[in-house]
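In what comes next, subunit A is part of two complexes: it sits with subunit B in the first one and with subunit C in the second one.
Right, the complex of A and B next:
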C-alpha cells in the first residue's frame, strides 16, 4: 500500500493503482473521457490532468501510478486550468447540437462541460465535419461529435477481440471508422454505445425514441443464454425501449452481448398474443380469462379422466422462469403425468441419468478467466455464450490454451492451441483419441497436442456446447468428455442452449427426475420418446413449435396427434393455431417476476419491467390458477417469491445429489452418406430474439443457405442450389462452399421457415443437386 | 577545427566504403572492445566523461541513458537509431549516412555491446533514398566482413542491424512513435512512463539514439572521453553538426566544436545572403523558439549558450532569417506544419494545432482581429506541457516566441490587413 495525499486528505492506495482510481476510492471524482477501468490506458483525452507535487507539468491521473508520499491536487488552480483548457479544446470542434443529439442527458461531455466549459466560445473558425461510417443495424454513427477518446477502438480490439474499428488519419483528420468501411460484426459490438462518452455512437434501434431523463430503469436478468447477464430495461409509458448492462462483476461485468441488448425490440412484435384464444366450431375467437382458464382446466381434466394422467405431457421452452418450470412440473405430476420436457433442441437422451443435477460451468464465470486449458467440443462458445467466451478469451490472453473439436472452424477471437474439424458423428471419437493419448497411447498430431496441453494444465475444462447438444451423438460425446476429464484431472461443463436450462433441470422440468434431482417414481418420456409415442394431451409453455424444436416436423406430428392442446404462449404461431384448443397469452420474462439460474448455479430473481401487453399474464399466475381450477393441493401462491421459496426449500431439503455413473456409450458409426450439422443462429434461439428487427438485420442473423466443404461440393457437382432431405420433407437452399466445414458434412440452418419440414438435422441426410 | 568526429572522412573519395573507413582506423575500437571484453560500465564512464549529449534535439546525456539499461537482464534488448531526421531545418544525419555510414554501424555495435542488445534497427526517413542505399550497402559490407552477425570476431557477441524505412510522418521521429511504427502500428507516441529502457520495442528494454550521437561513440572510445570533452566545453562536450539553412551564402552542414560563437558559424556559411541585415535565427530546428538577430550574434553555439538566449540547440538546425522575411507568414508556415503533423492522439495538440494554424493564417491574410494575439498566446500556453509528447510544445513554442519578439509585425498585419515587410519601410 502507498500512502498518498489527495487534496489534503491522506489516502491509502493499492500499489500500482493509478491516481484516478485512488482518488475515486477516496471520494474525489476526476473528470475523464478516455479512461475506462476495463480498457487499457490511453492517457489521450488529457481531461484528468492533475497537479502533483514536484512534477513540473500537470500529470494525467489515469496514467500516473501512486507512489508513497505523493501529494496530489485535483482541483488546484493549476489542475483546474489544465482541465478547463482541455474542455475548451474538446468543445471547439464539437457540434452544439445537444438538443437533437440522442446522447443528450446522459452525455459525459455535456455533463463535464457544465463544470469545466466556458460560457462563450473563443473559437471563431469553422468546425470540423466528419463523415459517418455505416457500422450496421445496431450502432448509429454521428462522427462529427467524436472526441477521439478511442474507447470504442480499444473495446473492439481488447474485449471483443476483433479489431474491426480503428482510428486512421493524423491530427484533425484522425477519425474512428471500421475496417475497410465494413459493418461491425462482433457479438459484443453494442457495448461501444455505452462506452462512447458522447453522441458519436448511439443505439440505432433506440435513437430518437425517448430522452434519457424520461426513462425508468428497471433491473432485469437476460434470458437468452445461460449467463443471465444483468441489465436495465429502460421503460417509458409501459414499453421497454432499450436494454443497458447493469454492472455485476460476478456475471457480466459491465458488458452485454448484442443479443441481450437488442432482443427487447422483439417484445413489441405485432404477433404478440394479447387475449386468450379459444377454438370453436367456427374457428378461433378471443375470450376472457374467466372463460379461457376453466376451458383449459376442463380440457386437461378430461384427458386425465378419460385417458389417464400418463396421456398428458408438458413441453416448455428452455428460457422460462424457474417458478414456471416448478409449477409446470408440479401441476403435471399432480395430474399423474411424468412427461415433462424442456430439452427441445436436444438430439440424444441416452445418458440423461448420468447428467449432473443441472448443466453448467460448476464455477463462477470469473473463475474461467483464471483457467489454463479449455477444450471446446461441439461448442461455438463465441456465439452461444458470448460473455463466457470473453472470459475464456481473457484467460487465453493470460496464457491459457484454448482448443476446439468442432464440425466447423468458426472464426475465433483468440488463437486456438489445437483444433480438429470433424463431423458430429466423429466428435466422440476425436475425444476418445485425446483420452487415449492422455493414457499414454498413440494418437494423431492434434489429439496428442490437445492431450499435452490438458495434461500440463491445473484446471482443464471441457466445454460441451449446443452444437453437440443438437446432435444424436450427445451421450457418446459427454461420456468421452468424462473420460478425458478423468484422465487429465479436469471437469466437463455441459452448456446447453436456452436461457434457463439449469433452472429447468433443477426445478424438475425433466421426465426422469423430480425437483432438485429427486427420485422420480415414474420415469417419463423424453422428447424422442414422445415423438415416437404421442400422447393425448399437451400443455405447452412458451413454445413456438415451428422454431423451438430441433425437429419441427416431429413436433408438428406430436401436436397433430394430441386430442387436446393447451398452449401458454407469448407469440402467435401457425402450428398453435392449427393444433391447439386453447391459447393463453403469456407474459415474457421481461414482463413478469421470475428467477434465472445461470451456468454458475447463481439464482437471480427479477421483477417485471413493464406490464405485459393486453391480457397477457405471467406464466406462474396462469399455472397457479390452473392448479386451483383442477382442485390440486399446494397451488395457493400469492407471489412469485412464494413459488421460489417452495422450490428453494425443496432444493435445500434434497441435499447432495449423486448421478448414476456415466454409462459406457459405444462410439457412433459415421453415417454412410452426407452428415447434417444443424446451424442455430445466435439470433434464432428464442421467440423474442427471432422477432427483434435489429438482430435479424445483423450479420449473425440466420441465412437460408447450406454450406459444405469444397471436396463435398465437388462430389455433389458444385451445384448452386441443393435439395436436402427426402420427398415431401425436403427443402431447396442455396449452397455455399466453405472450406471451414468438415468434409462430408452439410451445415443446414435450423429454426428458420425454410427448413422447418426437415427432420432433426443430425446424422445422415440426403443431398442432391437442385434445379 | 572542423569535421573532427562524424564528418572526419568527408574529404576522402568514396568515404563510405569499408576499405576507406578501415584505413582511417575504422572498426578498430569495436575489435579492441570485443577482444579485450571491455567492461561496459567503463565504456559508459567514458561517455559520461565526454559529456556527449543526445544530438537529436533533447540533449539528454548519452552515458546516463545507456546506464538505464539492465545489461544482464534476461531476454531480448534493442538498440534503435533514430534516423528519421524530420525536424524542418535539419539535414545532418543524412550526410553522416551518406559519407560515413560505417561509423554509425560501429557506434551501434558498440552500443549493443554496452547495453546488451543483439539487435539494432535504424529507423530511416523514407525520403532518404541515397542515404538508405549507402547505409544498406555498408551494412552488407560489414556483414560480409564479419563485423555484423553472430559471434563477432570470435567474441561470442552477436549483433545485427536492419533498416526500417519511415513513411513520411514527422511524429515518427518521436522515439516512442518510432517504436510503434517499427512494430507496424500507427505512429503515435506512447505515454511515458514506462520509458523505453524498461518497455521499448516489442515491449523489450530499448535504447534509442540519434545518428550523430551513435556515430560519435567510436571516436570517443578511441580517443577517450576527455578528448571529446575538450573538443567542446564543459557540459557540452565534442563537436556538433549544424545544418545552416535559410538566408546565408553557403547553406550546408558544418561540424564545429560546441561553444563556437554563432557569428563564426555564420561567417563559415558565408554570411547573410546578399549582405542583408540578419533579422532572426531559429537555432535548433523549427520547433525551437526564434531568437532576434542581434541577440543571436552574442550567442555561443552550445546547449547552455543557446538556452541563455531563450531557445534550444535542438538538432542543430540553424535557420537564418533576413530582413526580407515576413514573420507572420513564416509562423503561418510553421503552424501549418505542426497542424498537419500532429498525430491526433491527444486533445490539446489535435485540436490546438489546428486552431493556432487557422488563426495565424487568418492574420496573414488580413483577417486578423485585435484579440487574436492574446488568444494565440493563450491557446499555445494551453497546449504546451499538457500533451503526451513534445509535439505540442513544438507547436506552441514558435507561436509564443514569434509573438514575444515580433509582436509589432503581427499587430501591423491585423491593423492594416497586409504585411509590414516590403510594403512599407520597417519602422523602429
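Right, the complex of A and C next:
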C-alpha cells in the first residue's frame, strides 16, 4: 500500500494503482476519455492531467502509478489550466453537431466540455472531416467526431480478440477504420458503442430513434444464452428501443454480446400475437381471454377425460422463465401427464438419468478466468456463449491451454494448444482416446497432447456444447467426457443452447424428473419418444415449431397427429395456424416478471420492461388461470414472486441430488454415408433473435448454404449446388468448399426455412449433385 | 481538410510475396524471439515494396499480415504511419525533396519550383511516362549541405537548378 495525498486528503492506495483509480476510490473524479478500467492504458487523450508535487509538468493520472508520499492536486490552477487546454485542443477538430448527434445527452465530451471548455472557439481555421467506414448493420459511424482515444481499437483487440479495427494514418491523418472499411465480425462488437466517449460510434438500429433523456432504463436479464447477461432496456412510450449492459462483475462485467444487445429489435415485430385466437368451422378468429381460456381449459380437460392424462404432453421453448416451467410441469403433472419436455434441440436422451441436477458450469463465470485447461467438445464456444468464451480467452492469455475436438475448425480468437477435427460420430471416440492416454495407454499425437495438458492442469474443464447437444451421439459424448474428467480430476460442463435450460431442468420441465431432481413417479416420454409415439393433446409454451426444434419435420408430424393443441406463443407461426386449436398470445421475458437461472446456478429475477403488445399476457398468469379453470389445487398465485417462492421452497426441501451413475454408452459407429452436422447460427437460436433485422443482416446470420471438405467435394463431383435429404424431404442448397470441415461431413444450416423439412440434421444424410 | 481512408490502390501490382522476398523476410524474422514474428513488419513491408516497384498494394499488405500472423489493419497502420512506404504506384525514380527548415532557408522552394517546371508535375505526382515521382519530405539530416533531395538510396546536396538538371539527365 502507498500513502498519498490527493487534494489534501490522505489516501491509502494499492501499490501499482494508477492515480486515476486511487482518486476515484477517494471520491475525486478526474476527467478522462481514453482510460477504461477494463482496457490497457493508452494515455492518448491527456484529459486526465493533474498536478503532482515535484513533477515539473502536469502528469496523466491514468498512466501515473501511485508512489508513497505523492502529493496530487486534481483541481489546482495548474491542473485545471492543463485540463482546459486539452479540452480546447480536442474541440478544435470536433464538429459542433451535437443537435444532430445521437450521443447528445450521454456524451462524455459534451459533459466535460461544459466543465472545461471555453465559450468561444479561438480556432478559425478549417476543421478536419473524416470519411466513414461502413462497419456493418450494428454500428453507425461518424468519424469526424472521433477524438482518437482508441478505446474501440483496444476493446476489439484486447477483449473481442479480433483486431479488426485500427488507426491508420499519422497525426492529422490518423483515423479509425477497419481493413478496407469492411464489416466488423466480432460477436462482441456492439460494446464499442458504449465505449466510444463521443458520437463517432453509435448504435445503428437505435439511430435517431430517441434522445437519451427521454428514455426510461429498466433492468432486465438476457435470455439468449445461458449466461443471463444483465442489461438495461431503454424504453420510450411502451417500446424497448435499445439494450445496454448493466454492470455485474460476476456475470457479464460491463459487456454484452451483440446477440443480447440487438435481439430486442425483434421484440416489436409485426407478427407478434396480440389477441387470443380460436379456431372454429370458418377458420381462425380473434377472441377475448374470457372466451379463449375456458376453451383452452376445456380442450385439455376433454383430452384428459376421454383419452387419459398420459395422452397429454407439454413442450416448452428453452428460453422461458423458471416460473413458467414450474407452473407448466405442475399443471401437466396435476392432470396426470408426465410428458414435459423443453430439450427441443437435443438429439439424444440415452444418458438423461445420469445428467446432473441442471446443466451448466457449476462455477462462477469469473472462475473460468482462473482455469488452466479447457477442452471444448462439440462446442463452438465463441458463438454459442460469447461472454464465456471471453473468460476462457482471458485464461488462455494468462497461460491456460484451450483445446478443441470439433467437426469444424472454427476460427478462434485465441490460440488452441491442441485440436482435433472429426465427424460428430467420432467425437466420443476422440474423447475415449484422450481418456486412454490419460490412463497411460497408447494414443495418437493430438490425443496424447490433450491428455498431457489435462493431466498437468489443476482444474481441467471439459465443455460440451450445442454442437454435441444437437447430435444423436450426445449420450456417448457426455459419457466419454465423464471418463476423461475422472481420469484427469476435472469436471464436465454441459452448455445447451437454451437461454434458460438450467431453470427448465431445475423446475422439472423434463419428463424423467420432478422439481429439483425429485423422483418422478412415472417417467414421461422424452422428445424422441413423443415423435415416435405421438399423443392426443399438446400444450405448447413459447414455441415456434418450424424453427425451435432440431427436427422440424417430426415436430410438424407431432402437431398434426394431435387432436387438440393449445399454444401459448409470442409470435405467429404457420404451423401453429395449421394445427393448433387455441393460440394464446404470450408476453416475452422482456415484458413479464420471471427468473433466469444461469450456467453458474445463479438465480436472477427480472420484471417486465414494457407492457406486452395488445392482449398478450405473461405465461405464468395464463398457466395459473388454466390451473384454476381446471380446478387444480395450488394455482392461487397473485404474483410471479409467489410462484418463485414455491419453486425455491421445493428446491430447498429437496436437498442434495445424486444422479444415477453414468451408463456405459457404446462408442457409436460412423455412418457409412456422408454425415450431417447441424449448424445453428447464433442469430437463429430463439424467436426474438430470428426477428431482429440488424442481427439478421450481420455476418453471423444464417446462410442458406452447405459446407464440405474439399475431399468430399471432389467425391461429389465439385457441384455448385447439392440436394441434401431424401425424396420429398430434400432441399437444394449452394455448396461451399471449406477445408475447415471434417472430411466426410456436410454442414447444413438448421432453423432456417430452406432446411425445415430435412428432419434432424444428425447421422447419415444423403447428398448428391443438384442440377 | 478531408481525411479519407487511403486504402492502397486495389488491384494493380503483384499479388504475392516472391520466394526471394520471403527468404529475405525470414532473415529478419530470425532476428526476433520466435513468438514475436511481427517485429519484422517494417522490414517485411520494405521488402514487399521493393519487390513491387516501390509501392505497396492491398494484396501485399495482406500477404505480409498473413505471413507474420497479424491482421491486415495492423499492417496498414504501420504502412500509413511511415512516409517511406508508398501506397500508390510511383515512378522509377522517387525524388524526395526536403522542404524542412534548413533546406527552406537555403532555397528548397526554388528546388521544388525547378523540378515541377522541368518535369511538368506537382509535388506528390508522377510523370505520365512513369519515370519520376516528386515527394515532399521532412528533414533527412543533411542540413549542412542544404538544400537537398534523395533519389533511391542516394543523397544529392547543395542543389542548384544546374546541378538538378545534370542529375536528372543522368537518370534513365
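As a convention for this text, the second predicted complex is superposed on the first by the 771 of 771 C-alpha atoms of A that agree within 3 Å, B and C clash if a C-alpha of one lies under 4 Å from a C-alpha of the other, contacts with A are read in each partner's own complex, and residues count from 1 in each chain.
Here is the rule we go by: a contact is a pair of C-beta atoms (placed from the backbone, for glycine too) under 8 Å apart; a residue touches a chain by one contact, two chains touch by 3 or more.
Please read all numbers here as calculations on a predicted model, not as lab measurements.
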Check your understanding: In the superposed arrangement, does A:303 touch subunit B (first), subunit C (second), both or neither?
Key -> neither
Exercise for review: Answer with first, second, both or neither: which of subunit B and subunit C does A:85 touch in the superposed model?
Suggested key: first
Practice item. Give one of first, second, both or neither to describe whether A:172 is in contact with subunit B, with subunit C, with both, or with none. Key: both
Review point. Once the shared chain is lined up, is A:181 touching subunit B (first), subunit C (second), both, or neither of them?
Key: second
Practice item. Tell me which partner A:129 touches in the superposition: subunit B (first), subunit C (second), both or neither. Key: second
Point to revise | Partner contacting more residues of subunit A (subunit B vs subunit C) | key: B
Exercise for review: Return first, second, both or neither, reflecting whether A:487 touches subunit B, subunit C, both chains, or no partner chain.
Suggested key: neither
Exercise for review: Applying the touch criterion given at the start, work out whether A:49 contacts subunit B, subunit C, both or neither, answering first, second, both or neither.
Suggested key: first
Practice item. Return the residues of subunit A at which the contacts from subunit B and from subunit C coincide. Key: 128, 166-170, 172-174
Check your understanding: So in the complex, which bits of subunit A are touching subunit C?
Key -> 126-131, 133, 162-170, 172-175, 177-181
Practice item. Spell out the residues on subunit C that touch subunit A in their complex, using ranges where they run on. Key: 1-7, 58, 70-74, 76-77, 79-81
Check your understanding: For subunit B, which residues count as touching subunit A in their complex?
Key -> 169, 171, 186, 191, 193, 339-355, 358-359, 362, 369, 375, 378, 382, 385-388
Check your understanding: For the complex, which residues does subunit A have touching subunit B?
Key -> 41-47, 49, 56-58, 60, 63, 65, 82, 85-86, 88-90, 92-93, 122-125, 128, 147-148, 166-174
